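What follows is a single structure, written as structure tokens, with notes after it.
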Amino acid sequence: MVKVGVLGATGYAGIEVVRLLLSHPGARLERAVSHSFAGQKISDVYPSLKGICDIELCGLDADDITKSCDVVFTALPHGASKTVIPDLYKRGLKVIDLSGDFRYNDPKVYEEWYGEPHSAPELLRESVYGLCELHRGEIKKSRLIGNPGCYTTCSILALAPLVDAGVAELRSLIIDAKSGVTGAGRSAALPNIYCEVNESLKAYKVAAHRHTSEIEQELSLIAGENIKLSFTPHLVPMQRGIFATCYADLTKPMTTAEAVELYKKYYEGEEFIRVYEAGTLPEIKHVSGSNYAGIGMVIDERLGRAVVVSCIDNLIKGAAGQAVQNMNLICGFDEGEGLRAAGMYL
Amino acid sequence: MVKVGVLGATGYAGIEVVRLLLSHPGARLERAVSHSFAGQKISDVYPSLKGICDIELCGLDADDITKSCDVVFTALPHGASKTVIPDLYKRGLKVIDLSGDFRYNDPKVYEEWYGEPHSAPELLRESVYGLCELHRGEIKKSRLIGNPGCYTTCSILALAPLVDAGVAELRSLIIDAKSGVTGAGRSAALPNIYCEVNESLKAYKVAAHRHTSEIEQELSLIAGENIKLSFTPHLVPMQRGIFATCYADLTKPMTTAEAVELYKKYYEGEEFIRVYEAGTLPEIKHVSGSNYAGIGMVIDERLGRAVVVSCIDNLIKGAAGQAVQNMNLICGFDEGEGLRAAGMYL
Amino acid sequence: MVKVGVLGATGYAGIEVVRLLLSHPGARLERAVSHSFAGQKISDVYPSLKGICDIELCGLDADDITKSCDVVFTALPHGASKTVIPDLYKRGLKVIDLSGDFRYNDPKVYEEWYGEPHSAPELLRESVYGLCELHRGEIKKSRLIGNPGCYTTCSILALAPLVDAGVAELRSLIIDAKSGVTGAGRSAALPNIYCEVNESLKAYKVAAHRHTSEIEQELSLIAGENIKLSFTPHLVPMQRGIFATCYADLTKPMTTAEAVELYKKYYEGEEFIRVYEAGTLPEIKHVSGSNYAGIGMVIDERLGRAVVVSCIDNLIKGAAGQAVQNMNLICGFDEGEGLRAAGMYL
Amino acid sequence: MVKVGVLGATGYAGIEVVRLLLSHPGARLERAVSHSFAGQKISDVYPSLKGICDIELCGLDADDITKSCDVVFTALPHGASKTVIPDLYKRGLKVIDLSGDFRYNDPKVYEEWYGEPHSAPELLRESVYGLCELHRGEIKKSRLIGNPGCYTTCSILALAPLVDAGVAELRSLIIDAKSGVTGAGRSAALPNIYCEVNESLKAYKVAAHRHTSEIEQELSLIAGENIKLSFTPHLVPMQRGIFATCYADLTKPMTTAEAVELYKKYYEGEEFIRVYEAGTLPEIKHVSGSNYAGIGMVIDERLGRAVVVSCIDNLIKGAAGQAVQNMNLICGFDEGEGLRAAGMYL
């Protein structure tokens, strides 16, 4: 039984890690750390857990965590991860970080997009980008995982096969992404309140969202050359889900059927990737509540352009589920253990 | 491994039975019957199941069902159940019916509220009302279960302890209930379309909803005398969930703490019933996506009146989950098997 | 042209007053006071007003207000009104207060429900409860109006005719009310954020909500005796709207048609009250975006109980619209001026 | 007083025309035609109109319409318009058609995208494309207006200034559009029901939506050369609103401030177009319930690409509001008459 600690257990990503661990047969939640709610039962903060998980939330005590846990998930506000993790990592723990702090190969990219120097650049060399479908081999050998962002998981999965096949005009890539509101986290800020979000829709951080740099890093690795692309996030009045509509000019003619074939081959054997047949497309509803990603496409032959749509549950495949998938890889479990629940649809 | 058939598998209750069965370790879905979609894969109708359950939907063939299945869930439109079930039951199958057809002890009550005679009154004598917390013993011995309605489960659980204790003025009972839209089923009717439901709220079938008669039947049994009560259903713009606000004049003074104690005692040992401490109340969010019921209360000492609020997920504890709970009872499984998932909260 | 000031112009009730004034032919917004946003244009805070109303928000300056305005609407957080209003009133301004501070005839009732002594009890004697349909005559003669609460407007309108006719058992009154989220105001509190409200429903302040006392005051006045009743507010995932489901045991038999007749007579000539024919009931959608109230009913002859449902737009008839209706009365306008827009339905 | 008839008055666009006419000082609704509800009062179908507009719905009678009306709005299902309009037009009525039937200059384009020959190609020569900001002069002289589609209004307004200035690489244009559910009309189809739409998001008719051809027609006219572009519609769980995110590679470097300046100049004097300052962007909430369009932009200097976002209320500026704006133009009213209401925000 792998013993697990969750730091930031009462945020929306943290509590989703907790929820998923409850149905994982090989892992046991030993510590749930919450700065704000230490001393309370986790089921007082999230009464959906009453009688199922009533563990008491505690403050962060590195000694205690080290003694009690084999793996820690860090689901902390941005910036907090990189001050806490070096110590935990040094103590020999396996660390899966859900923040942006350990997702970069190059500290300069971090600095450029996060506006501050990275305080633990030496750890960036040891950390592995935890997009399981792309880096499975390295992940298994690592014990510090930079768990990818929600937008990035959805976007990279959508474009990787095209880029890998060399059929996309790399300068033409555009990702128009739509997110549910859980993506904003459990924060009592005015723009998050019901009446400001409901019955509306907006774009934000246009041409400036940090996830752009993650997507560029990973697609550049695949392409073998430097990619710069457009990424536009939007906020949509629903709770869960990321939907990415991706555009790429093609370097050669192709039908939708051929593109689907290319994607099926690229993702062959991938349990959590569903490539849709020509004529069908994924919807948020198809993946919500699950660790699955849906990818579908239409080749616009009139224009020589591919339109690839991709969707995931931002809290699961885009955060907590992928983090558990990473735990499975680094702890030697079956990769899909605890993650095979069908989505809710309703 | 218990072999299961689901009739009406593509309705909202049916598909929820299917979804729950997928994570039940002792049951296997052998047949998914759908009149409208026979010949298609279930995952074409509900793509959330792609790669998880791709069983082909079939038409109803009683011989085939009898050979392939031990238990059938019938999640059919009203009226269809009582024409199909007598044959299946005679063939020796265990039948859990999610319609209103086998929930009554007295065919006259059925006739009064459903506006037609019951076509299989002899089976009403064999069927058991499947509210597990109230009729566990009889359920275990039966093989024809009338699975309770969503409103009724929520309402009866809320009022049973008060009625049982004899502290409620029986003529004063009022249940004001609020339902999510899945309760209306998967029907392309104008009042169900998004723009007619969203950002609105309405009462319907005031003083005339059929579930009234179920609630009266069960509470009368507990009281040992004939109860008539008000039941008012409302439609609320959310997907899942039933919330019942119940009012009862008290026959003797009582504090909220005493009432909570009374409920805790009544539901002692009940895995799926959560009685809330004084000062806290359940919300839909606490139970949505789970088989749990939350019950809380406030005694209004100023008025000598109890206000009991109760909530469940209408598709799970109010339909498919309770149906599986019944299957567990009649098949000898642990009662909570496959039903212990925490709710989604988000 | 009546010159108007709005205090608390950037709250949800305040901005709705502003929006309504924009289409009022006889009133002109001269001052929009906002503590938090002073110095900004109102259309920077609410860009829906861009190019329509770009007035600069200012801090509170009583001299300036007195010089510039004839009427002020005070849409301030609870408690703020009663510190600001005495001065404004003394200066001769007409004041329409949207808080609870000037709604009571008896300062002891205020003290009991608001938990503090009223700091200007002498003004309570001059203020009039601004439920236009009940107090039209007094309102016209007053220049200090306690504009009713949203829940109370909806509830009192629903029960007044029954109480007035003496056919309701006064000890049996129960109001089960459901509110949209704008009722919580523009406050960045955790319980107000989208993901805590959406797809959920809860009861709150059960047997303890302050609006109870307003409803009791007004219905007692009508009955000529002291009424105590149950009032249970619920939060529903929609923006606008209050829906009250009211229960009253009848002192004599009555049909639904007779009850409808009684209501029609009581509200004869009332432009903003719509009494529904037997067999039809109002829905939030019918009044949302308008100053109209919809009232419908079913007499449950089986039980001898009336179920009256009533709905309004909480921001309009429940706040800003009624405030403008009061302004019309005290300034000598046609009572419905600026308030006759049909609701949005969609 | 201009006498008006509305054909298809009970659809979502039709009823919105009716609602807007109610506050238009110079027009009076004389006939409301509804095939499905003839004989009922319009306020029985839309009770939000009770007491405000209780006109009886009638069947289509061309003689009667001709005698009673000066202008007719046709808000009919696709295909119906072109069978009804030729006759009405010949009788001398002014016709504003909300369908796609009279939006094209070239019947071949219609045939290509609508899959059938146009049955009244001679009328296409007389009809004017009713995007008021682009064709004001011609509209005033016409009496047959092809009122633009919702997606197209939003998209064309967003891209026209860039195309007109010759700074957009015409082969690079991509429009990623998001629509509220009223866009699907009042149709009881399964994909429209609440539980299929809510908490989800999907793309549809990718690379195949008919509005593509309208956008291409209009932008080509501005460019003076043939434009082909990508248009991807998405369905979002909200009622009203269209949001278009438009991408264009720039032919020369430009800052966001310069682009804003270019747009302000292009739309100078346009009452219903709001160009946003650099650093701010429109949201659905800013225009919902109004005839205004919001346009904002970010120049991604890193990529040499413009990202222009545009939003409108699909039922108003995208349908009924623009139709009334067209009526104002062809009937000699002030162009903004009856259309200046601020949006609802809440």
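First chain written, first letter: the chains are A, B, C and D, and each begins at residue 1.
Here, a residue touches a chain if its C-beta (ideal position, glycine included) is under 8 Å from a C-beta of that chain, and two chains touch if they have at least 3 such contacts.
The model shown is predicted, which means the values in this text are computed figures rather than measured ones.
Most remote chain with respect to chain D, judged by CA-atom centres, is B. Of the two chain pairs examined here, A-B and A-D, it is A-D that is joined by more C-beta pairs in contact. For the pair chain B and chain D, the distance between mean C-alpha positions equals 46 Å.
As a whole-number value, the distance joining the C-alpha centres of chain A and chain B reads 36 Å.
Distance from the chain A centre to the chain D centre is 38 Å, each centre being the mean of its Cα atoms. Residue numbers of chain D whose C-beta contacts span two or more other chains: 12, 182, 195, 198-199, 237, 239-240, 282-283, 285, 288, 346.
Chain C makes touch with chain B in their complex at residues 172, 174, 176, 178, 180, 195-196, 198-204, 206-208, 228-230, 232, 234, 236-241, 243, 245, 247, 281, 283-285, 288, 298-300, 302-303, 305, 307, 309, 311, 346.
Residues of chain C that touch chain A in their complex: 12, 181-182, 186-190, 192-195, 197-199, 237, 239. Residues 12, 15-16, 19, 22-23, 46-53, 182, 199, 239-240, 271, 274, 280, 282-283, 285-290, 292, 294, 315, 340-346 of chain C are the ones touching chain D in the complex.
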